[in-house]
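Both of the next two complexes hold subunit A, though its partner changes from subunit B to subunit C.
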Partner chain A sequence: MSEQVRSVQRTRFIAPRVERSLITAGHALLVVATLVAALFPLFWVFLGSFKLPADVMRLPPVIIFEPTIANYLTVIRDRFVFFFENSVVISGGSVLLTIIVGVPAAYGLSRLRIRFKKTLMLLILSVRFAPYIIFALPLFLIMSELGLIGHRPSLVVVYTIINLPVVIWLMRAFFDDIPTELDEAAAIDGASRFRTFMSILIPCARPGIATVTILSFIFAWNEYLFALILSGRDSQTLTVGLTRFLGGMEDAIRWGQLSAWSVAIVAPIVILALLVNRHLRRGFTGGLG
Partner chain B sequence: MARDTKAALAYIGPAMFVLLIVAALPLAVALATSTTNWHLHRAAQREFIGLANYIRLFGDPRFIYSLRVTLLYTAVSVGVSMVGGFVLALMMRRTFPGRNLVRALLTIPLIMTPVVSATMYRVFFYDADRGLFNWILGTLGLPTPVWVASWPMAFYAICIIQIWFMTPFVFLVCDAAMESLPREPFDAAKIDGAGYFQRIFRLVIPMMRDTLIFALIFRITIDYRMFDTIYVTTRGGPARYTEVMSVWVYNRALRSFDVGYANAGSVVMALVVALICLALMMYNYRRREAVS
Partner chain C sequence: MVASRTERLKAIAVVAPSVGAILLFVYVFIGWTVRTSFSQWRGILPDYTFAGFDNYIAVLNSPRFMINVWNTIFFTAFFLLTTIALGLLMAYILDKGVRGENFFRTVYLFPMAISFVVTGVAWRWIFNPTVGVNAILQTVGLDALVWGWHTDPSRLGTFHLALIPVIIAASWQLSGYTMAMFLAGLRGIPADLIEQARIDGASEFFIFRKILFPLLRPIVFAAMIVLGHFSLKIFDLVYTMTGSGPAFSTDFPAIFMYERTFRANQYGQGAVIAVAMLLLVSVVIVPYLASTLRKEKA
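Presenting the complex of A and B:
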């Protein structure tokens, strides 16, 4: 009906059917263009990682070429495992710590009657929004003083700063969505608060915990600033390892390796992210947006 | 009302303890050292010098420049990505086959490791002789700049990466907000003869005000503190043209070892962004009061 009203009010120069198909075509074109813009860099580095030195920076660019896995083999020989292990241990450890302390805190902030709850939540949130360098540099000074630079367990603790605020905010939203009648019923049955938390609320919140774990892992994996400043020589992560290539890279040989290295960093998290895609927005905004 | 103080200690205590170590303690150290002349090469002569570092900051052209370039970079990158993400979300209102897949794929730049994205742009796109950007420009007969090594191209180079990285974020937030908008006002407006753009500006944007302000604050804080992509792409160069605040602090502390001074810089940096966010929140609050 509304379509008719509009056609009366507007003078048409082309038939409505033609106009509609023109709009559809234009829209499709825009969608494809956006997709290309968003995905081309990843596609290009993926191709580059299978190219021989002669092909990798050739102009005009080549899309059909003889693929090679030589780049990946070189990368593996070039201490990739060392960096990979550091990344896994530091990201994984910090996510574990974040979840262990963050989930109970979120429960507390959702269910307990405490003073200054709002202030506390806002303080936690402000950590998420603060410029990280204001934490990173003092941490460097403190850790240098204590001889902890490059010490993996310290980095595990430091990395919680990225994810703990997000986890607390997100999980609190999850707990808030669980009806308090469940807690009350358990209390009437004589269950202690801890028992209720462990055997009723945690199972209810399990999907939330799974999502938050994956998201936290992605953010920790991508981290660079803290890794660069605090990892010394002994605990450099993949992101720090990658930037070693950017020193004096005039030779095309390294560009293939650089691509292989990039793909190896990004592949696991792209897969993880597509798994939790529906929750990505909440993860990024800490459940705020 | 009874308070669960004991339980609070058990449940919230550990998280607070961790945040105390990784956030509150460093913040205190930043504030404390910002009032000293601590230099890593002359650590023995560390002395309290009051606010001298802060006074020095405001007479330091390099710091003032860094503050200005950070704000400019943030403004450009936030502005373009806000508009871009909003338009993208509008585009995705139309149903078409594979829409959900496209929505998922569009978020890939957002989760890609920023260091990897920046490296890719720098090596494959921005390279002066063999980069794809200059190849395209050259083929079209346009001038080919030396992207990361010249002003203002280096500035555009870091903006492009950040816009590519963060537009999907605005898209995600707007997409979800649009999904939950009620249909009735739009149908009514359509019947009253309101055109597409009128409906966008008079209905969609006002109804999404809270979401948009939130996205704006979020975007500002992310760009304002950005280190990874800029450091990897330009290292703050050429000369100091793209030395944003995070890079400024990093360079002062870990290249010049002037850590007291560097910390004073990061305190000012945090204060500036806190003020910006506060102003935006106040604005939104007033706006909401005025409406209701």
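Presenting the complex of A and C:
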């Protein structure tokens, strides 16, 4: 009897332990699996960017090979600088414009008395949820009429409008978090609304402004559809530059060079993406959710 | 506090540029596209002569559009399923506590910051039938899993198998998004609720099914809306990964619209496809935005 009790006690003591360590092992396996899955394509492209065509074609595929920077040299010869400059100027210009227009609007929607605020907020968001292709045709016609196809301002304007919801939604939330007592104190000291906005709210909201600046920049940097339609020959961005090499036979594609292009497109935004990691989700929905 | 005239003017001055630009962009352009969809415009020169539903009939009767519809249905269904399942899995892993949580969260979210164009190129190479994963599979003796991936035109009923690699690529890029949504939700669940269930002897599975899942259901719903609307308007990823694919096996409405309008100069028909996409997306998104409007406090 006592023997039995002891054995029951022992199993009760051991069983959860075994179960737990099994769970832990399964858990660790899942963690590793998801990590590998998340990094595998990036690793593949990064590795591939240092491979010569002969190494790309080698079967079975090799992980160890003699790395070459030949692909990157080809990328530079393929007028990388031209595309890079377009991307920087267009993304930078649109971000600047979005901040100048969007931050005061966010302030207004946070602090000033405006009717139908909720409706306005959703109307602002609507641009982000519409299928972008519905804007493509009129945009193309207008920009042709204005002679702006192939000129940077056309893309600057489009990216500004598409980024406005992100800036307004996130900045409004940032302004809402700043206590209104600060405004009131400033008002008592005789500061105008404009003065309060410039010298109190803006400095307080600086982390927010940095976040929306980066999110907007990433969007503009990565955009493809409008760049394809509006950039003509003279203002093509990096994403359009990359896809020049995709035509033709599947097996004639020079993967090494494409990978080097891809790495060059992704590299500048790695640090930016790490800085705003937590906000990427809202960047995707334009601020909602 | 009564808003003075100048106060009101100030409010209008700061908000009007953004709202004006967006309203012009969205609603004037939608109106313009709708008008074009009813016009006779085919060819380089604009022709807004009213043509009734001619373009609509032409598009609806084209076999390519029907393929588009089926592709969108299958892609959306499987993409939602995998992305939500993966997102839930990753959120669950993080929520159970993992050393270096920030590192994992960063890695899971990072694909979202990458251009869809780059993702398309990367996966196009990975699934390349000669030098992609097939080569790895053959090396390790898994020849049974070797096939044409996105270059394979075969189908099961109306489901094109070439969609599978595209679904994998899209899920890879966006499961981080659902992970972040779920993680925020899981963190909102009081810890003692789960602790109490554990003390009462509930299994992990039971806790997941009976406590976590009901609490996460609204998040699943929100994720379905956002991912669903994304999959309805997908362009860059597919366009760079497979184009339209063999026999339109990975063709989607946005690609069809782009090619009809800007390659074939069939402006009227292109506009019809755009309008059809707008209607589809609206069915998904308008009720959601309306309910958000009701919930959000003024």
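Note that in this section the second predicted complex is superposed on the first by the 265 of 289 C-alpha atoms of A that agree within 3 Å, B and C clash if a C-alpha of one lies under 4 Å from a C-alpha of the other, contacts with A are read in each partner's own complex, and residues count from 1 in each chain.
Keep this in mind: a residue touches a chain if its C-beta (ideal position, glycine included) is under 8 Å from a C-beta of that chain, and two chains touch if they have at least 3 such contacts.
Quick caveat: nothing in here was measured; it's all calculated off a predicted structure.
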item: Subunit A as common anchor, with subunit B and subunit C clashing or fitting; value: clash
item: First (subunit B), second (subunit C), both or neither touched by A:Leu122; value: second
item: First (subunit B), second (subunit C), both or neither touched by A:Val166; value: neither
item: Partner chain in contact with A:Arg113 - subunit B first, subunit C second, else both or neither; value: both
item: Which of subunit B and subunit C A:Thr34 touches, first, second, both or neither; value: both
item: Subunit B versus subunit C as contact partner of A:Leu97, first or second or both or neither; value: first
item: Contacts of A:Leu258 with subunit B and subunit C, given as first, second, both or neither; value: both
item: First (subunit B), second (subunit C), both or neither touched by A:Leu274; value: both
item: Contact residues common to both interfaces of subunit A (with subunit B and with subunit C); value: 27, 30-31, 34-35, 37-39, 41-42, 44-45, 48, 57, 59-61, 101-102, 104-105, 107-109, 112-114, 120, 124, 126-127, 129-141, 160-161, 164-165, 168, 193, 218, 221-222, 224-225, 228-229, 239, 242-243, 246, 255, 258, 262, 265-266, 269, 273-274, 277, 280-281, 284-285, 288-289
item: Complex contact set, residues of subunit C against subunit A; value: 1, 3, 7-8, 10-11, 14-15, 17-19, 21-23, 25-26, 28-30, 32-33, 36, 46, 86, 89-90, 93, 96, 98, 104-119, 121-126, 128-131, 135-136, 138-139, 151, 172, 176-177, 180-181, 204, 222, 226, 229, 232-233, 235-236, 239-240, 243, 254, 257-258, 261-262, 267, 270-271, 274-275, 277-278, 281, 285, 289, 292-293, 296, 298
item: Contacting residues of subunit A [partner subunit B, same complex]; value: 1-2, 5-6, 9, 27-28, 30-31, 34-35, 37-39, 41-42, 44-45, 48, 57, 59-61, 97, 100-102, 104-105, 107-109, 112-115, 120, 124, 126-127, 129-142, 157-158, 160-161, 164-165, 168, 193, 197, 218, 221-222, 224-225, 228-229, 239, 242-243, 245-246, 249, 255, 258, 262, 265-266, 269-270, 273-274, 277, 280-281, 284-285, 288-289
item: Subunit A to subunit C touching residues, read off their complex; value: 23, 27, 30-31, 34-35, 37-39, 41-42, 44-45, 48, 56-57, 59-61, 101-102, 104-105, 107-109, 112-114, 117-127, 129-141, 160-161, 164-165, 168, 193, 218, 221-225, 228-229, 239, 242-243, 246, 250-251, 253, 255, 258-259, 261-262, 265-266, 269, 272-274, 277-278, 280-281, 283-285, 288-289
item: Subunit B residues touching subunit A - in the complex, by the definition given at the top; value: 1-5, 7-8, 10-12, 14-19, 21-23, 25-27, 29-30, 33, 88, 91, 94, 96, 102, 104-117, 119-125, 127, 130, 132, 135, 164, 168-169, 172-173, 175-177, 187, 190-191, 193, 211, 214-215, 217-218, 221, 224-225, 227-228, 231-232, 245-246, 249-250, 253-254, 259, 262-263, 266-267, 269-270, 273-274, 277
